[in-house]
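As structure tokens, here come the structures.
Shared between the two complexes below is chain A, which pairs with chain B and chain C, respectively.
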Partner chain A sequence: MSPHPPRQARTINVHIQGWLLALPAIVLLAAFTHIPGIATIFDSFYATPHGKRPAAFVGWAQYQTMWTDPIAWTALKNNLLYALITVPLSIGLALAMALWVAGRIKGRSALRLAFFTPTILPMVAAANIWIFFYTPDYGLLNQITRAFGGGSVNWLGDPSTALPALMAVTVWKEAGFFMIFYLAALQQVSPTLYEAARMENAGRWTIFRRITWPLVMPTTLFVAVNALINAFRVVDQVIAMTGGGPNNATTLLLFYIYQVGFSFWDTGYAAALSALLLALLGLVSMLQFALLGRNVHYR
Partner chain B sequence: MPKRPGTTCGRVTQVLQNILRQNRTRLQHRFAIMHSVDVRSVSKSFGTMRAVDDVSFSVERGHLLVLLGPSGCGKSTLLRMIAGLEDPDAGVVAIEGRDVRGLTGAARGVGMVFQSYALFPHLTVADNITFGLSVRGVPKRDIAQRLERIVSLLGLEPLLKRKPSQLSGGQQQRVALGRALIAEAPVCLLDEPLSNLDAQLRLELRREIRALQQRLGITMIYVTHDQSEAMSMADRVILMRSGQIEQHGSPAQLYEQPASLFTAGFIGATPMNLLDLDDGPHGAVVAEADGHAVFEGPGRGRVLGLRPEDVSVHGINGPNRFHATVTSVEYLGAEAVVTCAIGRRSLQARTRGDGAPPVGARVGLGWDAAAGHVFDAESGRRLSIQTGTVSRPLQLRTATNQESNCA
Partner chain C sequence: MSDRLFRLLSTLGAWVFGLVWALPLLYALWAAFHPSAFATHFDISAPVTTGNFIRAWEAAPFARYFLNTVMLVIGIMIGQFVICTLAAFALARGKLFGGEILFALILVQLMVTPDVLIMENYRTLQKLGLIDTLTGVGLPYVASAFGIFLLRQTFKSIPKELDDAARLEGASTLQTIWRVYLPLARPVYVAYGLVSISYHWNNFLWPLIVTNSTETRPLTVGLQVFASVDQGIDWSVICAAALMTSAPLMLAFLLFQRAFIQSFLRAGIR
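Then we have the complex of A and B:
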């Protein structure tokens, strides 16, 4: 008699429908991201189980081991250095390339494609190309340095050049991808804004600093967060190119986790390292959103 | 030191001074200094399309010139060449008597308001207005003073801290105007500045811009496709058509003496009625209609133009020139636009709003004999023929179909 029961039923129905629609994503996210993530944190408080001996609760013991593990510190230091250098470098390069191919130049489609090509290569393939560049004696880089009278450098074998060599691969691969985002952002900026700036006799640098840069700031934030997360997830090229050597010069956090977990089968310690990585990434992205968010102009 | 013409030194000085004086007068003759903007034989093509085709005109200092025309007539391109955003293929632009080739915007003494306002979305109103000054390194105190002046002039005080996205269209327009005016350049260019606003606001800002221009005594060049905007604001109007000047004159000249069929059709809220003429026994008559001779002489190949307000609607038995049927009435309050069918063509008349006949009524149409405009049908140019000059007594006459078929 009253109209309420059907309306209530309908509201419930809508909720069920909503949850049903979200269900596939929830299941996938939970099964492969959230549950393993939480399980990892739990596991980090247990010792690694062996054949007959089940995992025992050890409290903070794994974290204490980590505190005294010099390789963990090296990995962390390497990784921070890796992020500190590759992130600004690939962002800067991406923006420079985008500014270049956004202009009215001949063959810009070909240029855009060329810049984007590294992105479509699988990392392992790219790593193999770069191994050839870096090979001592007959590698491309050494052939060039020798043509100019320089000596042969073992790029991947020397602890002082191995990490920068890996950084170069990352920058080369990521800059083209980030360029696409900048290109899209630049095309969003109305050309009359540049004309208005030209009417005021603003120079190219002034236009970039006072108009273009602030207007692509949301993209910079997005790209920076992604680049930073990627920098802490680097593992493929380490495996393909150096195996963490020489003398752990290229051991990065994720690679070390992989080594501890699947080479040494110390899954408890690997879980603790993973928890550290997880905490680190969460902190970094929160900080970045908070800091950059203040100066970001959202249209 | 007194000059001694006898000595070598004195003679050299004199010669140099003479050369300088001659050059100065030559320069002044080149671009008459009374003119704020001089456009000389300017052309611009985009690919094969000639956007602006050998256009010359000048604007007096303190005048408001409107560049009027349908879209694609080249008026915006012309404005952009005056602004320096576009380089002409040929010709010279001079601002305040100075050839400004190679300079843009502020450097040539022009400010500009864009159709889309082009406000910087990440800057506050204050920063938007002072952008140019700060780019050019004007001292901070000077900037603050000028900002205060321009802001009070435009009534923007409460909005200074806002971002453009927090402003209404009219407010954005004022900010854009402020940005163009703060440098106190002698010339201000406006590219369809009101086309994104609603009708009421458009009327308001129209008056405001005109008042501001007169108060500051600056030269304005204003681009629009709206003839009513042009008529109500301008000192001078240039009507453009496919890259060329169709007519250049005061609003009244364009309205009362349209130089061509194009001008006649473009100027006026209700366009001018254009009727083909034909030869009649006593002079030119309106083709395919019953009516008197309009003027003495041949009518074929000529067009009669009648403003709707010059056409009067009477009862069927009045002193009429045509008999017609009312096909539609557009009631506007104070007045009404009555569309009548004469044979197969239609003619519009303005009447008082309360005096409009009903649709379907048979009416007689008359007009002040001297009010007609005559044009050559082929070239579209105005002919200097005075209508209403038929010497014989007027008599009703019916144009036969045979005659019109011959045409």
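Then we have the complex of A and C:
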């Protein structure tokens, strides 16, 4: 480089250098996120190609199939239920755990360990442990229900209990993870606020409702959005525990996409289902912008 | 309610709840460390054994699965460190046209992870001839929006003066990154590394689709194959296998609990 290049040329050089530095990331992100995302929507308007014949344009036909496909509806309904139940439950339990562990409680570190350890386990390992836990007749859960005089339940085999049984595993694994965010948030709450409340003789519930809850609100929103995104990407425990059964009672969207795409090899229809999932994730991200504004928690 | 009574009840509640939370794991530990006959039958006098672990280890190529997972996890981490550092630096020091738009586009991946687009990404891998390779399992995750985001925020907080000083001494851009930015961001790299390792140690769907041989299968997929095909219903062995595949992470977590929790907090999202 010459010692004093003209100013404009230097700025351009700097910009080129910037793009070159970002280039590997841009190429990979485009190749595995943006281009396939657009291609998915594109593909959803084509039939599944057979052999060497190129796919035919079919317009909205895949979406019409989806509209009349009872399994697609079941998957959507199951997924919404999944989100609606696991998200608030995980958050509520996470906050309860954090409140317990944040205070001076006997055996604090043991409790923290019990709450947090499930988070570290691979979901597949956790799923296999829980299958055992749920085993009809012999499993611990049935031994407990029997000890209390109940009958034996086939938790994963009965359509009415299978989905809740999967939800339990999700909550078990997620609550401890969210707990640490609440722990961090609780540490930020100024003790003077609690002292002031005590001076006013405020009750425990009032203190929680008027001080703790509003002050951990940003954490609650942050955790809620992340839990919501996760809820629409749940698939590991479905594959490991039920395979979508019994009678599609545990089929969730991503699992159904996997099944249609990789078991039935109906790529066109899988693309339409993926487009639906993308739309849902897009909705969640709009919600995220509305709720979190300019990245409250991201700084 | 008096303060003492409340405290007592709260502690009691916490303990019952903690026990319930630990129950599935304790149960798995019980089954894994006792002969199959005692898997669902509790008896304090049951003999303790490591036989289930040995049987699991011998029944499936877990040694190979471990090797695959370790190579995968380390490969992804190194790739992420290099690629995300370069991109984050470019974005943090704001010297590229359209940097803001580029950053927004990058963040899309936080929501649309590669496993949401399994069909298309599988096809891409097919074209690249990377099906059933560890490179294929790792490649879509190497440019991580999360890593770029995290490092960009960190780099932004590093004083520009340090950068200028290095340049005055004649350091090139890469040298500046290496000598100024990397050392100052070390805790963030540790945090990101731990999060990345635990995410990819546990990742399942994508490797399940991409791999189909012992030589490439990571532990999670190997465990699933083992549990669904080979074992029937010998729960003691399956529990042993499940615990075995999680053991390195669990041990690391027990030893560096504080670092782990700090990392997850710092990183925010997995």
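One rule holds in what follows: the second predicted complex is superposed on the first by the 263 of 299 C-alpha atoms of A that agree within 3 Å, B and C clash if a C-alpha of one lies under 4 Å from a C-alpha of the other, contacts with A are read in each partner's own complex, and residues count from 1 in each chain.
In this section, a residue touches a chain if its C-beta (ideal position, glycine included) is under 8 Å from a C-beta of that chain, and two chains touch if they have at least 3 such contacts.
What you are looking at is a predicted structure, and each value in this text was computed from that prediction instead of being measured.
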Which superposed partner A:206 touches (first chain B, second chain C, both, neither): first
Touched partner set for A:114, first chain B, second chain C, both or neither: second
First (chain B), second (chain C), both or neither touched by A:198: first
Contacts of A:214 with chain B and chain C, given as first, second, both or neither: first
More chain A residues in contact [chain B versus chain C]: C
Contacts of A:29 with chain B and chain C, given as first, second, both or neither: second
Chain B and chain C contact sites that coincide on chain A, given as residue numbers: 297, 299
In the complex, chain A residues that touch chain B: 190, 192-193, 195-202, 206, 210-211, 214-215, 217, 297, 299
Chain A - residues contacting chain C, complex: 14-15, 17-19, 21-22, 24-29, 31-37, 39-40, 43, 96-97, 100, 105-107, 110-111, 113-118, 120-126, 128-130, 132-133, 135, 138-140, 143, 172, 176-177, 180-181, 184, 204, 222, 226, 229, 233, 235-236, 239-240, 254, 257-258, 261-262, 267, 270-271, 274, 277-278, 281-282, 284-285, 297-299
Residue ranges of chain B in contact with chain A within the complex: 83-85, 104-107, 110-112, 114, 116, 118-122, 131-132, 135-136, 163, 165, 179, 183
List of chain C residues in touch with chain A within their complex: 6, 10-11, 13-15, 17-19, 21-25, 27-28, 31, 39-40, 83-84, 86-87, 89-91, 93, 95-97, 99, 102, 105-106, 108-109, 111-122, 124, 139-140, 142-143, 145, 148-149, 153, 173, 198, 201-202, 204-205, 208-209, 219-221, 223-224, 227, 235, 238-239, 241-243, 245-246, 249-250, 253-254, 257, 260-261, 264-265, 268-269
